[in-house]
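Heads up, the next two complexes both have chain A, just with different partners, chain B and then chain C.
Let's turn to the complex of A and B:
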């Protein structure tokens, strides 16, 4: 066995490490071959055997440290607006593949010239922050006699935020269809185009106009520039990966969000898999626990196997199990059994849990291989016998 | 607004479309049928530009924390 034979038989990292180790030392060809052989043997010994119950090992590896996780959500260094869900609630969020996560967050990295000076970073942060009309308006009123919505503007605040009336009018124009916009001194007046139910429409417009974005990116409510190593990055509350990546100052290769479904839709399923691994190991590290990476990788692989993110829930991967009994043993057994009987489903007892239920040998470890015996005698006769 | 390539993102590994011969090699190596491979949606953001159809196999070269680099395969599903 020589060094070059290792390729394809052990992982790339081992080959690289070995190459580095061999370079500095003077080792004879014979000894080198011996080392290679020992490495290969150790590598193959460390591999999982067929029939090993890796699922249960992973579950137990998560289960015990899971009892030590915190149940609280934390605040970010004195800033009330930026909350982070950590500990057990976050782990549940990730592995259940919740679509709506409690605290969406982004880490926005900036391109080279912008990421060094705090001033520039703040400027970009202001550009990203979503500003709604409600923030610069003192009062929304409906004038019942003329059926108009009147917005009384907060002029000083607008000056501070560098927003003019024209900005507002343009934003409303884009955000709401079918209204006439008039500008008065301190007011903006909206009049609904004549319709059957004008009062109702007017009321709807009044509510709708509050949520119109003047500028910035939808969904991002708070930005916090922080120093990370030797550059400034922006942490956000709220997440909108697609639109943030389109900003020209943003580094589109490193910016990430903690919303795994958003990553899937923008960057694809493989990126989502990596995001699950990253997010889960972030929580585990944060809690001071030590769970082997391979368990997390395994869960991420199972969750993304179908090309979609499936949580470990009865609507996710557990609900897709082939066996009726396996599904029934997870949650709501009666519903599963009734449905299976209505549809005439069959259970081939190929997996673990259904065989445990029936007190049979489970197909794991030594229970996996079957025994085939070749008997002497008439083959045709035997065949018929076994058919019965 | 700017145009950017999602392939450059740190979370996105390399995706390569395989031809017929390579697909057969992969299936023979693992001794499986094509149905047993994990799937990827044809609408997936990364393979949009690869011009794929149902039944194509995508080779994915991941950067792994444990093994340095690993190869993974997904079949394009419905």
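Let's turn to the complex of A and C:
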């Protein structure tokens, strides 16, 4: 076995690594061949055999330690730290591919000159933090006679936060369409443009205006600059990856969010796959469990292989199983059976559950291989013999 | 002015709240107010809360006035002579009950010595923080609290003398210990609750060591000699009841030796234990399925009557037999009448239970385990003085659980057994460990309780000194004889043709979903198929329409109800559960079609 023979038998990366390793050393051709042979043997030993039930082994590898996971949802590391969903609830969140996660969170890293001094970090943090109108308004009232919404402003707080009335007016202008804005002292008056259902519309405006952002990034409600090793990073409650990455001081190569769907829409499906792996292993590590990385990678692969994130639920990958019986035995069987009958589906009994159900040999392990024997003798003669 | 609330309802205002509260408390002590009343003043809210409602947990305490306990020497002497009792002390204003709210204002001394001017109350005894069963544990202040909880739980499961009139009772699933003893190491709760009237264990000699791996993981080794001498022997009682029920139309059950004509007649041999009246006699030895009381019942449906007119021939046999897997001796037979005036026969079986491998034992400290091996006395380790332990306990059970009280009890038990006296192990006021060690030394033993011991099998001396002593051990009511279960084949469920469930019915042990997953994960497909073939059936399938065909084995004819007999019909083997699923799908109005293909 020579070096060039490795091509196509082991992965490209191993060949490259080996090439690099061999370059610097003086190794005789004979030893090189020996190394190549050893590598090939190890590579083949590490491969999974045909018929190995990797799905169930993965499920068991998660399921057994999962029983030991604490059901405690929240974890407070330190007094002021942001609390994050961890443990079993978080695992369920990840593997069900929930769109709305309980505690979205970001870790924002900053570029070189900004990440050393707390003052600069705080400045950027203020830029990011979302401020809603409700935070600087004392009272929202509706003047029924004139059908106006009146916002009574909290002037001292506005001064503290460096917000002027023009800021507010601009923000409302952008946030809500179809209102006239008047400025009074200590007050901002909103009047809905004449319409059929003016009163209702006024009520809606009153509620809507509370959530208008004056500045900052939507969705981020809480910020906490933290020292990590020898730099300052910003932890956030709430997440908005797209807009955070647009800030020039942010180090976009390291900044992360725990919202997997956001990662998918901003950075693509491969990044989402890695995010699933990272998030899942974070929980597992935090709980002090030991699950082999390959199981986590396998689950992430299955969840993202279509280019979309699909959870392990009846609407996700389990609902996409080919076999009717396998789907029916997971959840809501009658729905699956009826839909299958409408489509005239066929079940070829190719997978495990269907065969257990029918008490047949499952096509796995010892049940997978068939035996083909070469017969001696005259083929034509045999055929005739069988016909008889 | 502070607001006053009675049972959370506003009732008025008071000028001087502190004074008011003090006066109310004094009036309560003088019995001018009910002693179920509790009062407290909340300074931050400036309100007084008076409680008289039901369901508040309250705690009795001795009142302290000016640094002096109201329970004086005089009163103590009167108490000893029974001249006053608890209610008297409450009435005299010596003891009062505080609820959670009033407790906040109290400053409680734990012992009379530590009472100062600031104290308002004195604890009756520090042991009151423990419950009734927990205070039976000796040296409980030397053990983790969760172990105490477990220890009290196991004490409730101990076999003992549960009621002194047990011979007259018909309790289900009870046991009585043959030679119950009072513990050498006891607490004062044993006197209060009169434990000698219902003791629950035996004092045994215990050695802390391993024994050839038979006592790993909490298992224990018993000395066969001790077992044969009667250690932890018990009787297990099981009552059976038969009633002569009356039915519509004047028909009744009849307790008798069933006639041979009766439907379901067993055999003459089965009824030979019965007396003439159809009831078994006391002290008869019986085993499973033996008839205890013969009984016949009228037919279930009256329609059956008209078809065959000989009344006797259609009565059903409904005798009561000994439960599956049980045996014993008929202990008591009662023939009586119930509330409705029906004849009632009750039979009680008694079964002697000698400790066997798998029976559960426990000390009082949450250290429970099952018997792993019963060793011949000759194979048991022995000490230099010839002492052979009754039980060997694994030392690995101790460090992780921190049951120090277990070890102290062994030490105290040893001192008690050697000097012939009871040791007081009451929590917080027990005989101190240092004293026990001193006594042991005086008695000529090593002060830490260890002894030189010899291997019973080889006679060699053990390198280590073994900790030996005496401890009160409990036999728990969980016995293998009541739990052992296995089956090869037996009854099936009518609907699914799978084995029935439950030990008492001789059912199967389910190989569940997760167990199935294990077989799949190992790739043991053929084993998996074999495990799950308890309901396999052969069905015939019409290859034309894919539905189940009919195999008329009587006429040796196969045909499809839809396509007739001129189609190819093939026999295949599958689980009955799947056949049932096909039927249910058909019931949904869906046509499940089987397409057959050769597997090879």
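Here is the rule we go by: the second predicted complex is superposed on the first by the 328 of 388 C-alpha atoms of A that agree within 3 Å, B and C clash if a C-alpha of one lies under 4 Å from a C-alpha of the other, contacts with A are read in each partner's own complex, and residues count from 1 in each chain.
Following the convention adopted for this analysis, a contact is a pair of C-beta atoms (placed from the backbone, for glycine too) under 8 Å apart; a residue touches a chain by one contact, two chains touch by 3 or more.
These figures come from a predicted structure and were not determined experimentally.
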item: Simultaneous placement of chain C and chain B on chain A, clash or fit; value: fit
item: First, second, both or neither for A:315, with chain B first and chain C second; value: neither
item: Residue contacts with chain A in the superposition, chain B compared against chain C; value: B
item: Superposed arrangement, angle subtended at the Cα centre of chain A by chain B and chain C, nearest 10 degrees; value: 130
item: Nearest-approach distance, in Å, of chain C Cα atoms to those of chain B in the combined model; value: 23
item: In the complex, chain A residues that touch chain B; value: 11-14, 16, 245-248, 252-254, 256, 263, 265-271, 274-275, 277-278, 293-294, 297, 301, 304-308
item: Touching residues (chain side chain C, partner chain A) in the complex; value: 516-518, 520-526, 528-529, 532-533, 535-536, 573-575, 577-578, 581, 585, 588, 590-591, 595, 600
item: List of chain A residues in touch with chain C within their complex; value: 51-53, 56-57, 59-60, 334, 337-338, 341, 346, 352, 356-368, 370
item: Chain A partner contacts - residues on chain B that touch it in the complex; value: 1-2, 4, 6, 8-13, 15, 38-41, 44-47, 60, 62, 64-70, 74, 77
